[in-house]
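The following pair of complexes shares a single chain, subunit A, combined with subunit B in the former and subunit C in the latter.
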Partner chain A sequence: MFKLFKTILKAGEATTKYPFAPFPVSPGFRGKPELDPTQCISCGACTIACPANALSMGTDAQAGTRTWELFLGRCIFCGRCEEVCPTHALALTPEFELAVGRREDLFQRATFKLEPCAECGQPFASHKEVDYALALLVQSGLPAEEAEAQRTHLATCPACKRKQNLADPSKVALGPYINKGML
Partner chain B sequence: MNAANPNALIIAPGNHVPVPLSESEQIAQLKKTLLKDIQRSAYVYRVDCGGCNGCEIEIFAAITPIFDAERFGIKVVASPRHADILLFTGAVTRAMRMPALRAYQAAPDPKICISYGACGCGGGIFHDLYCVWGGTDKILPVDVYIPGCPPTPPATIYGFALALGLLGQKLKANHHQEGESELAQPRWPDMPLDLRVQLEREARRMAGYLYGRQIADKYMSLLDLKSPQEFNARIREYLKQEDDPRLTEIFTRLNDISAAVLG
Partner chain C sequence: MSVSGETRIGRNYVEGLRQKFPAAVIDEAWQTADQVTVTVQLGSLPEVVEWLYYDQGGWLSVLFGNDERPLNGNFAVYYVLSMEGLVKSWVVVRALVDPIAQEFPSVTPRVPAAVWGEREVFDMYGLRPIGIPDERRLVLPDDWPEGLHPLRKDSMGYRDRPAPTTDTETYKFINDSKGSTTDVPLGPLHITSDEPGHFRLFVDGEDIIDADYRMFYVHRGMEKLAETRMGYDEVTFLSDRVCGICGFTHSVAYTTSVENALGIKAPPRAQAIRSVFLEVERLHSHLLNLGLASHFVGFDTGFMQFFRVREKSMTMAELLTGARKTYGVNLIGGVRRDILKDQRTATIKLCGELRTEVAALVDMLLETPNLAQRTAGIGRLDPKVARDYSPVGPLVRASGFKRDIRADHAYAAYPGLPMEVHTADGCDVLSRVLIRAKEFFDSINMIEYALANMPEGPILIEGFDYQPHRFALGFAEAPRGEDIHWSMTGDNQKLYRWRCRAPTYANWPPLRYMLRGNTVSDAPLIVASIDPCYSCTDRVTLVDVRKQKSTTVAYKEFERYGRERKSSPLK
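Our next item is the complex of A and B:
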C-alpha cells in the first residue's frame, strides 16, 4: 500500500494545469497567422499559396481599395502563407486559443489603397507595392533620384505600358538585360 | 410543418442550397439559464460528419490523463440521448447530413452544438467539393466554433470552457485600414539585394522554409560588411556556442556565397 503511494509520489502529476495556467507550446508550433499590416504590400502571394482558400484578396475598383481577408475557420495552419510572403509581413504565432461564439469573429481583414495607373487612371496595384518596388530598386544599387524618376513608369498598368512601347520603342527599359549580356 | 416545433420535419435542401435548422427562442432562453449556473457535468457526443479522423484523435487526446478533460466533468458518451454537448467534426458530406441531423434531434434540449476543426467551421480544404455542404452551420445552429486542423487538446479544452461560459473569448474580428504614409520596408536595407536573395534561397534550400528563414536571418544579423575579420570571429563564436554540425555546414555555404558576391 505504502509502496504504491511512494510510486505515485515519485511519478508526480502528468496532467497539465492548462486552463488555470498558460499552456507551454513547443517551439515551431503553428498557431494563428498574424498579419503585420504596415509590412504587407497586398501582392496576393499568400492567397495563391493558401491550399484551403482561407486567405483571399478582394479588389474594389470603385473605391480604389484592396482587402486582404483571413477566414480562420478554414485555415489549416500549414504555414505556406508565411513561406511565400516576400516582406515577412505574415507569420504564424503560437496563439491557439481561437474558439469563438460568433462566426464573424473568425474573420481578420486589412484594407489597402490602390495606385491608379499614371496613364489611364484605372487602379492596378496597391500603392505600397509600387513604393516597395522603388525601395527594392534603391536597395539593388540604383541612386534614390534615379529610382524616383522611374516612378511614373512603375505606376503605369501593364496594358498602358504595352501601348506606350508600341508607340515609342525608345521607352522600353532594356538596361538590365543589356548589362547582363542577355541580348 | 409543425408550428410548435419547427425542427419536427427536416426541410429537404432545395436547389442545393442548405437550409439550416433553427433554434426556438424558448430553447435559447433555457440554454442561457442553464449556462448561467451550470453545476453538473457536461456530456459530449461526437458526431463525425465525414472528417478525416484527425479531429477524433485530438478529441480523444483531450480526455487522456495528460489533458484530462474529465476533471471538469466533460465526458465523451456513446449516445446522443445522453449528450449536453454535440461535437460536429468534418465538412458535412452529403451522405452524413441526415445522420448528423438525426443525432441533433436525438439529443435532449437544451444542447450546445460545437463546430470542431477547420472542416466543421468552414469546410476546411474540402469547402468547395461537390459532395460536401461545407461546414456544420450550413445545416445546424452552432454555438461555438473551434478552428484548427485539427485543434490541439488545449484548444479543445478552451473551446469546451468557452461553450460552458467558464472562459471568455479572446479572438475578435479585426479590420485594419491602411493609414497615411504607411510603407513596407525592405529587409536588411544596407545589404545588396542580390546577396540577400541568394543567402535566403540557399538557407531555405538547405534547411527548409522555416528554419532556413531563421538561419538566414541570424546570418544576416551577424554579417558585417565593413570588417570581415570581426564578422568571422563572431560567426565562429556563435557556431561554437550552438555546437551543431548541420548549422556549421549551412553557415559555411552562406559564407561562400557572400564571399563570391562581395568579392
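Our next item is the complex of A and C:
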C-alpha cells in the first residue's frame, strides 16, 4: 500500500495543459498533407497512389482547368502521396488538429490551367506539366533554344501526335527504341 | 514459387495422408518451403482434417471458402492447419465443391473448431455444410435476404446494400442447460471494450448455466472491399485498419502472405524492423489489458497508473513510425521507414524506463488481494476444450499449450530474437494476466536486442513480378493471438480472394465454456480476459431460467456489480 502511494507521488501530474498549451509530437510525425501549388505540376501521381481515395483530380475541359482535391475526411495520413510526388510539392506536416465544424472545410483544392493542344486546341495536359517536361530536357543537357523549339511538339496531344506521325514518318520519335537497342 | 523436394518441411504429413487415405489425395502444391496445399476428395474432407488435427498435432487456424468458378468451374473450401507436432509446418486441406450441389460434408462434428468457419462459408458463399450442428447465420444480419451470398463473384458490388427483409431479430440463442434459467442479455456493446456484441447469459440465480453470443454487428466487409475496389498493394493499408490495437500485425500478416505467394523475400533489415514494431505494438496492447484487469477487479488506481505508463509505449510508436496507431509502415517487399540513430537511442531509453516502471506496477497489482480473489479459478478454459477449439494467444498458453506462432513458425526476424513461450496451468483469468505480464518484459528484451543487432542493408525490395492466381498464407502473432491471412492474387493487380482472420475470431467459440459455472459478476472479467477485439455494448440482459424473466441491466450498473459485488441487479 505504501509503495502505491510512493508511486503516485512520484508520478506527479501526468496530464498536460493541452489544448491551452501546444502539444509536441515526435519528429517525423505524419499529420495533415500540405500541397505547395507552385511546385505541383498536377501530374496526378498522388491521386493514383492514395490507397484511401482521399486525393482526386478532376478535369473541366470547358474551362480548361484541372483541379487537385484533398478530402481530409478520407485521408489516412500514410504519406504515399509524399513518396510518389516527382516535384516534392506534397509533404506531410506535423499538423494534427483537424477537427472542423463543417464538412466542406475538410476539402482542399488547387486548380491548374490546362495546355490546349497546339494542333486541335483541345486541352490535354496541364500547362505546368508541359513546362516541366521542357525543363527536364534542359536539365538533361539540351540547349535552351533547341528545347524551346520542341515546345510545339510537346504541347501537342497524343492523338494529334499520332496523326502527324502517320503523315510524316521522319517525325516518328525513334530515340527511346534506339537507346534500348530495340531497332 | 517452386520449392525443391529436399527442403520441403512437412513432407511427412503429405506422405502420411497419401498412405492413410490413398484414394483421397488428388493433388499437392507447395507455396513455400513449409506451406503445402493438399487437394482432397470432398467426401473424405472430414476424416483428413480430423486425422491431421488430432493424430498429427494440427490446430485449425482458419477455414474459408473461395468462388473458383471462373478459374476451374467449382467452389472450393480451404482448411488451414498449423501443424505443431514434431515437424512445424502448414498444411492447407482444399476440396472442390460442386457448383450445382453447393454442399460439403461438415467437419465440425469431428473437429469443433470448424464451427464458426463453416457457418461463415455458408453466409458468404451459400455452400451448405452437411451435418453441422449449428446452422444459424454467423456474419450476415437477420434482415439480409435469403440466397444472397456477398462474396460470390457474381453476387453484388461492394457498395450495394440489399433492402432489409425483416424488422425483428430472428436469431435464436442456444441454451444447453437442463433446468430452467434466466436470460441475461449482455450487449449490444461489450462492457470492457465498448464494442458491439450481444451476449445472452442463461443464469440460475447468480450462476451462469450457459451462454451464447453474437458478434459481427460491425462487419465492415473488408474482404469484399479488398477484392473489388483496391489494388493488392493498397490492401496493405487497409489491413492496417482491421484492428485498432494490433493493426500492424495484420499488415505484416498480409504483406507476408503476398510475399510468400509471389516468392519475394523482404531484406533482413526490413524483417528486423517489422519485429521491432510488432513488439512495440505488443507493449501497448498488454499494458492496456493489464490496466483493464486492474479496473475490473476494482483497482482503479492501478488502471490509471498502467495507462499513464502505457503512454511511453505510445510515444515509442510515434517516434519510430510517425503515428501512434496504424503505423502504415509496411509495403509488399519490406518497410518504408528506417530506424535511425536518434530514434534508436530514444527507444532504448524508453525501454529502460518502461521496464522499471511496469515491474513496480505489476508487483503492486499482484500484491493487491483483490486480484487473486477475483481472478484465480475464474473463467476456466479446460485444456480439453482448448484442444478442441484451437484458441490462440495468451488464452491457450494459460491452459498449458505452448502455442506461439513466433516460435512455431518463426517469421520476420524472430528466429534470431531472444524469446520464450510462457505457459501456465491455471487455465483461469489470473494465469492469462500473468502470462501477459511476462510477455511484456520479453517484448522489451526483444526490442532492445533487435535494435542493438540491426542488420545492415536495404529496407525494401523493388522490381518484382506480379503474377495472378498465386496464393499463400501469411501470419503474425498479435498480442492476443495469431493473425492469419490467406491471399490469392488476381487479374488487374487486384486480389482474387483475401481471407483475414483476427485472433479473437478463434477465441470466441470456447468462451461459452469459460463462462459456464461462474457467476454473473465474473462475466465481464472473463470476457475481458481474452482481451477481445470487437466493437462493445453497454447493456446486459439477464435471463432467469427459473422465473422465465428477462431483465436488461445498464452497462454501468453491471460493471459496478462486477467490481463491488454488492446489491445484485437481479434482485
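We take it that the second predicted complex is superposed on the first by the 163 of 183 C-alpha atoms of A that agree within 3 Å, B and C clash if a C-alpha of one lies under 4 Å from a C-alpha of the other, contacts with A are read in each partner's own complex, and residues count from 1 in each chain.
Methods note: contacts are C-beta pairs under 8 Å (C-beta built on N, C-alpha and C of every residue); 3 or more make two chains touch, one makes a residue touch a chain.
Because the structure is predicted, anything quoted here is derived from the model rather than measured.
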{"item": "First (subunit B), second (subunit C), both or neither touched by A:Gly28", "value": "both"}
{"item": "First (subunit B), second (subunit C), both or neither touched by A:Tyr18", "value": "first"}
{"item": "When both partners are placed on the shared chain, which of subunit B and subunit C touches more of subunit A", "value": "B"}
{"item": "Subunit B versus subunit C as contact partner of A:Arg162, first or second or both or neither", "value": "neither"}
{"item": "First, second, both or neither for A:Ile76, with subunit B first and subunit C second", "value": "both"}
{"item": "Partner chain(s) touched by A:His153 [first = subunit B, second = subunit C, both, neither]", "value": "neither"}
{"item": "Subunit B versus subunit C as contact partner of A:Ala52, first or second or both or neither", "value": "both"}
{"item": "Contacts of A:Leu4 with subunit B and subunit C, given as first, second, both or neither", "value": "second"}
{"item": "Residues of subunit A that lie at the interface with subunit B and also at the interface with subunit C", "value": "14, 28, 51-52, 76-79, 83"}
{"item": "For the subunit A and subunit B complex, residues of the former touching the latter", "value": "14-16, 18-19, 23, 28, 32, 35, 37-41, 51-54, 71-79, 82-83, 87-89, 96-101, 103-113, 127-128, 131-132, 135-136, 139-141"}
{"item": "Residues of subunit C touching subunit A in the complex", "value": "230, 234, 236-238, 241, 301, 305, 308, 311, 315, 318-319, 322-323, 326, 328, 336-337, 360-361, 363-364"}
{"item": "Interface residues, subunit A side, partner subunit C - complex", "value": "3-4, 7-8, 11, 14, 25-26, 28-30, 51-52, 76-80, 83"}
{"item": "Touching residues on subunit B, where the partner in the complex is subunit A", "value": "65-68, 71-72, 115, 118, 121-125, 127-128, 135, 137, 142-149, 151-152, 154-155, 157-159, 161-163, 166-167, 169-178, 182-187, 189, 191-194, 209-210, 213"}
